[in-house]
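Note that chain A is present in both complexes that follow, paired respectively with chain B and with chain C.
== the complex of A and B ==
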């Protein structure tokens, strides 16, 4: 039994790292603009399909797709921003409808270009088992867990130490006051969308490297990212990490101790419980520690 | 000169009458099918088979011409109802298509209310035929898949199995039926349900590896599930003798897309790969499929073709009898009794195919060999054998 639980914890941690990578971009944009980008999952998926194209067309490792995915996804992210910036009234609400529509367009574009087939990496190196004592995983899972942690650390440093990062936080706290301090909110918002695009690009390549992708998969990614963002509390990077790990571990333990059929239920139950007990999320404004 | 002109005129008039007659006899048939959403891949595969059936029927029938009107149900039950209603508004006389029992249920409900015959191969949930509609027909069913899977496991003479299955309606039905039949034969079976949204199967396979310790893992899911389960199994390497799946697994596509995961894996398969068609109809199907899509046909195309050909033939018979719009199509469908690419098709009074039994194939060296039943086998079973 202990071996089962240890493996479940390990799988949960790795899965949590993957969730964190998907959720970071959404959390950043939510924190900056109070906008839930419902097309975020589709941006992640776009990067995953770039990895598929690079691997299937050129026979290269999915890792080589990262530069191409970065450019394409960042361009798409900025386009989404420009569409959102056209909203004149009730931006928070109307952006939901707008980005949901963008998500549908992107899903169907992916379907038209890459067809509805199930895709995944054929790289043997990525899929090979990596065994540490009683812990089993694929190499790609560990690799992208490390990448996820590094990106999270980098983002935390960028937000707390760099000028632009602090500008993002300032706009997030008080847009008008930031303006008075000489910060251009529009530029700052574009920067946060670009950074979200960068994170989505890495997340997409990661998903292709250890999972399975299909055109309709983007929506599920957005939902997962949204749950973690709410669990974390608006704009909290450590919160995203804790929320994602919590969700990953809760799901893995549910599978091990009960049934996988209950996995999604437990995730949603956790989400509702946190909303009920801590409406601002685990690390939200009221009790932010990060 | 005048006589020649008048003869040419008569020939032209006769030709124009013939063309006019052909147009008058063009019959609209609806294809309600998921071309977007989570079932887009299987829906597109079935639609290819429907298009091949139209081409073959129109070239061979000579008297009636079928025209397909397609409506995408977006893999959603509510949209499936809307698609059927739209097709009825377009004037179709019957519907072929549908994928996923949860979509087919409400779609065929709507078709029944509108008096439209509905034929499918995309949903095997038992309750679809339990409704007893006189307008609903399907050419495959859970029992046929169950017979094939249990038959193969019988041949293996296993004593224990773990069944890992998706909680979707059709997969859950099949898994539970397989479990019941195996348990009745004295095989120790453990069931592991998984949510369709799951991506990491390691915790489940680890339970199978450390607690169940079965001889065989039976997978009842869809392509993405199989890839996830086989990946997890390849990492954890449970000591099993075989990995047995069901639909969408023993296919040329899986063999080419996931060559590292497929060796020795079993799944239901109508044909070996490379496909070998013996009958005239089979050869015509394969040639037309190749001409239209420039690829070898798969099981989805085959099922789509068979269901549609049966429907088109019933429509032609009803049109000849003058009962096209007075319930004649459903009556003709109910009378169907013919050999097809999936075997003999006859419908029960509930619309289920009485003779449907699938075959089991195994991935062997990038090809698919039929290994069960023995009278249809094209290769020897590689047992014990797993991809790792």
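== the complex of A and C ==
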């Protein structure tokens, strides 16, 4: 029994890597623009389907889809940005409805292009078992966990050391003050969308490489990313990482101990618990309540 | 409450002329009833958005809960259909009680939290199979009874029920809007903090609006289940019950009372008759594009846009 639980913990941690990438993208955009991009999960899904196309059409490893996915997802992310910037009034609420609409467009475009069938990788290399002592996983899970850790390290470096990264943080914490310091908030917003797109592209290819995808999946990913940011409290990268790992572990434990049908429910349960007990998240600053 | 002559004429036409002229064509009647179901949810959604200032992506939860409560009460407890329909609305209100902690959250948090909630109820309906019949669903849900010689389970009878429901909803909406609560809610829309300072319990008011909206949606969900006599989780909690009403309300103008209804009829009919034929499996793509276009070009909806146009015409004349 304890072996099963240990195994679930391990799988959960690996799964948490891509969750963290998705949630960080959502949080970055929310930071600079105060806009939640409800189409974020669909962007991830788009990358996943690119991986599927590269594998099924050209017989290549899903890894080769990353450049294409990066370009496509970043273009879509910037398009979403431009649509949001066209909103004239009441941007906070209208942007939700707008990105919800973009999500519908993307989901149905995926449905039209790739049909409603469930897809997964057929690459034997990706699915091969990788055993570390008592822990078992697919090769792709470990590979993409390492990739996501590296990306998060890069993101951390970028946010704390580079000019644009600092600009993103400056705009997030005080837009007007950042403007006075000579930072163009519009550029920063675009940059945050592009970075979110990059993270989403990697997460999408990862999800295709070790899991299954279908058109309706994007919506669920957005919800998960949001749950993680609530767990974390917005504005904290380590918080998002811990939140993502928590969600991954909680889901894996539920699948092991109860049933896979309840997997989605546990995320909601965590979410409610945090809202009741610690409304500002595990690591967040105050200010979410109205 | 004042009622204009045109309003009375429209109501008369809806009750008498529509059944007389179209009642024999069951395809047209089923389209109209379906459009009115969407209209009912759109109205409830718009009430929450307009009066409560909240954007909900979770109204499918209320719709589904209302449907399940009513279906189970009639099938397992023998409650009469029409009474169960109201209890379905009450069930949706009970479901909305679970959302109360979220009300204290600001804009986007509320919208996303309610989106997450909708998923919970779908999973519950699928997993709690001893009561809900699980993913196989409930078959042969009781139909509407025959009342005073009118067979309410027929297309025309169902039309009369949903029409009456919508009229009651409209009256309730107008009543709330013109009451003290309506004034406080409008003030809250301008500045929630300022309203709280003068002693309005804003969280309580928002909760009341959520209850009203949930009740309406639940009753419509219950109506729908007795109308189609079948229920399963994927259908009851389908994202369609959120998407279509939002598009309808935004298209018609969610700050008006009639806008969502007009929007629902227009959007639903065009979607069913035109887009579904053009793109059978992904026709919602058009709805998404419409939503995006409306938010960018006319977030107040088409009704205000038309009114502005006609005012200009009057001014010119």
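In this text, the second predicted complex is superposed on the first by the 276 of 290 C-alpha atoms of A that agree within 3 Å, B and C clash if a C-alpha of one lies under 4 Å from a C-alpha of the other, contacts with A are read in each partner's own complex, and residues count from 1 in each chain.
As a working rule, a residue touches a chain if its C-beta (ideal position, glycine included) is under 8 Å from a C-beta of that chain, and two chains touch if they have at least 3 such contacts.
Nothing here was measured: the structure is a model prediction, and the numbers come from that model.
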Combined model on chain A: chain C and chain B, fit or clash: clash
Touching partner for A:111 - first (chain B), second (chain C), both, neither: both
Touched partner set for A:202, first chain B, second chain C, both or neither: neither
Partner chain in contact with A:261 - chain B first, chain C second, else both or neither: both
Partner chain(s) touched by A:97 [first = chain B, second = chain C, both, neither]: second
Chain B versus chain C as contact partner of A:7, first or second or both or neither: first
First (chain B), second (chain C), both or neither touched by A:52: neither
Touching partner for A:119 - first (chain B), second (chain C), both, neither: first
Chain B versus chain C as contact partner of A:89, first or second or both or neither: second
Per-residue contact with chain A, leading partner among chain C and chain B: C
Single chain C stretch clashing with chain B - from 43-51, 97-105, 133-141 or 169-177: 133-141
Chain B and chain C footprints on chain A, overlapping residues: 107-108, 111, 115-116, 216, 220, 261-262, 264
List of chain C residues in touch with chain A within their complex: 53, 55, 57, 101-102, 104-109, 111-113, 115-117, 119-120, 123-124, 126-127, 192, 239, 243, 246-247, 250, 279, 281-285, 287-292, 295-296, 299
Residues of chain A that touch chain B when the two form their complex: 3-4, 7-8, 11, 14-15, 107-108, 111, 115-120, 122, 124, 127, 129, 136-138, 210-212, 214-216, 220, 252, 255-256, 259-264
Of chain A, residues touching chain C in the complex: 30, 35-36, 38, 83, 86-90, 92-94, 96-98, 100-109, 111-112, 115-116, 216, 219-220, 223, 226-227, 230, 261-262, 264-265, 267-268, 271-272, 275-276, 279, 288-290
In the complex, chain B residues that touch chain A: 36-38, 40-41, 43-44, 75, 167, 192-195, 197-200, 202-204, 206-207, 210-211, 223-224, 227-228, 231, 234-237, 253, 257-260
